[in-house]
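The next part holds the structures, each set out as structure tokens.
In the two complexes that follow, subunit A is the common piece, with subunit B as its partner first and subunit C second.
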Partner chain A sequence: MKALKLLLLPYMAAFVAAAFLWPAPAEGFIGESSRIVFFHVPCAWTATLAFVVAAAYSVAYLARRNPRADAVAHAAVRLGLLFAVLALVTGSVFARIMWGSFWNWDPRQSSFLLLLFLYAAYLFLRAAIDDPERRARIGAAYAVFAAILMPFLVFVVPRVTESLHPQTIINPEGKILMDSPTKVVFFAGLAGFTAIFLWLLELESRLERLAAGAPAPSGNGNLPRRPGV
Partner chain B sequence: MSGATARELGFFPRAWAVCAKDAAQELRRRVAAASLFFFAATALALVSFAIGPFGVPEEARAAVNGALLWIILFFSAATGLPRAFVREEEAGTGIALRKLAPGIVVVAGKALFNFLLFLAIAVLSVPAFALLLEWRIGSPVALAGVVLLAGWGLSLVSTFLSALVARAGQRQVLFVVVSFPLVIPLLLPAIAATIEASRGDIAWRELRVLAAYDGAATSAAYLLAAVAWED
Partner chain C sequence: MNSLAFLATVNVVVWAGLFLYLWRLDRRITERERNR
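And now, the complex of A and B:
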């Protein structure tokens, strides 16, 4: 696991270089603006993944009431918000180049901003509850409830309203409309950002438990596990 | 209703008993229920005074009126819906209610009460809005369907979130923060379907989205009600 973490740095360096140098810019986009897809989509994907992870660990918390699961869910939401902000910033830069304005109230832009509000509210909710057990329980219930309604915000609303946003990876044809070099770099980016998220999640969860006064698990690099599982 | 009697009843009679208790409480206070309707009336008067029946060009009237109607309905309802659980905690009756009925029954009863409250606001506001703004609704049946579907989703989500924030600090502000992003996916198709209804069309796609949202929210609330209302 440690070797994989060490490999992540040269892997991401190679990915960034490839993103800027290897595939030709996509047709129909101004200048080199299409290259932002290699960073924007992985950020959006990682944010969504983080919120799904938060929901999964929230379910685990509600099932077993293990504070470690709550710590991971809380860390996943914080990281999800970080990646959501990065997705919004990169999206806004693309919007400025393509449509002349950083913010266009495009349904996809707006729904992603609301997704950010949805999970920022999770942090507000937790901060407003003093009792740690109740905070974890209410936070977990909100995270699961939000995750069940999240698809309406991310997938349904942007598809029932007109959007300027280019066709997404999940398109009506069910085909990935990219040439081979673009596809390779794009999926390498998805894998790299996912790996960074998992590493950060492990570090954040460990820090959260240390802050709460619980002993951190031995440094085997795995995500926290319940004792005896 | 004694504790033993309450526990012997089925799910729906018990949920209905919770709904009836909330209705009786609201009617006893009067000021609380009346303030909701007064808020709706004030908002209607403000909109009517500001733009009047001819303040918006004919071609934009359906879109503007559709959005304004839901703004009035949402903010009128938002003054009353969050009180479902907060009221129990403030009155100190939450402990007794927890002993009498499981979380799912309490959430269902309170969601039902909130739904009826929302419908009461809508039944008074929509005709008054149409009358004051000279707004001809092409398909009243389609509009009724939108109000029913969006009203249930709004009531249920508000009730569930009210249970979550009931024992948190700054709960009134917190309710707005947590509810806003969750009800937007409900309000956008509701506004779109209302615009279509005013033109005499039925927006099946938006109605399906509303029905799906209601189904997802109801299932989620059913699964999590016990956790939300746990002591």
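And now, the complex of A and C:
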């Protein structure tokens, strides 16, 4: 694991350098603005992944009442929000270049903003409940509910209405409309951002365990159980 | 240096900084886990 983390530095450095220097800019875009796809889409993907992870750990908490599962779900939502904000910011930069203003109330922009509000509400909900067990239970239920809405906001709403947003990777033709260098760099970016998210999630989980006074992970991949649970 | 090369350099520095921050945080957490 340590070796994989060490490899992330040259990997991400190579990815970032390649994103700016290797593939030619895509047609139909102003200047070099198409290069933002290498950062914007991985941020959106990572946010979505984080929210799915949060839902999975929330289900695990509701099934077994393991507080570690709730801690991971909470961390995943926080990280998901971070990447969602980054996706909105990078998207807005692109919007300024291509469409003349940072915000256009475009369906994709608006639905992603709604997604961000949906998950921000999770944090407000948790902050409003004092009892830890009740907070975890209600938070978990909310995260599951939010994850049911998420595909609708991310995949459906932007496709049923006219949108300024460029055609996405998942498109009606069922083909990836990128040349080879762009494809290589794009998927490398997806993998790199996913690795960063997983590392951040692992750090958050370990910090939570330290704060709770639990023993260090044994490396078998299982969350430690609270005695009596 | 053209602007793309400049942007690439800036970004590589930013990402290297992020990596080093995460690496140091990881090591500090590992030390605290060991000292428990």
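Note that the second predicted complex is superposed on the first by the 212 of 229 C-alpha atoms of A that agree within 3 Å, B and C clash if a C-alpha of one lies under 4 Å from a C-alpha of the other, contacts with A are read in each partner's own complex, and residues count from 1 in each chain.
The criterion applied here is as follows: contacts are C-beta pairs under 8 Å (C-beta built on N, C-alpha and C of every residue); 3 or more make two chains touch, one makes a residue touch a chain.
Treat the numbers as computed from the prediction; the structure is a model and nothing was measured.
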Review point. Who touches more of subunit A, subunit B or subunit C?
Key: B
Practice item. Considering only the touch criterion stated at the top, classify A:99 as touching first (subunit B), second (subunit C), both, or neither. Key: neither
Practice item. Applying the touch criterion given at the start, work out whether A:13 contacts subunit B, subunit C, both or neither, answering first, second, both or neither. Key: second
Exercise for review: Using the superposition on chain A described above, determine whether A:187 touches subunit B (first), subunit C (second), both, or neither.
Suggested key: neither
Practice item. Return first, second, both or neither, reflecting whether A:210 touches subunit B, subunit C, both chains, or no partner chain. Key: second
Check your understanding: Which partner does A:156 contact after superposing on A: first (subunit B), second (subunit C), both, neither?
Key -> first
Check your understanding: Considering each complex separately, which residues of subunit A are in contact with subunit B in the first and with subunit C in the second?
Key -> none
**Study point:** subunit C to subunit A touching residues, read off their complex
**Key:** 4-5, 7-8, 11-12, 15-16, 18-20, 22-23, 25-26, 29, 32-34, 36
Point to revise | subunit C contact footprint on subunit A (complex, rising order) | key: 5-6, 8-9, 12-13, 16-17, 19-21, 32, 196, 199-200, 203, 206-207, 210, 215-216
Point to revise | subunit A contact footprint on subunit B (complex, rising order) | key: 157, 160, 164-165, 167-171, 174, 177-178, 180-182, 184-186, 188-189, 192, 205-206, 209, 212-213, 216-217, 219-221, 223-224, 227-228, 230
Practice item. Spell out the part of subunit A that touches subunit B in their complex, as residue ranges. Key: 62, 111, 114-115, 117-118, 121, 124-125, 128-130, 134, 137-138, 140-142, 144-146, 148-149, 151-153, 156-157, 160-161
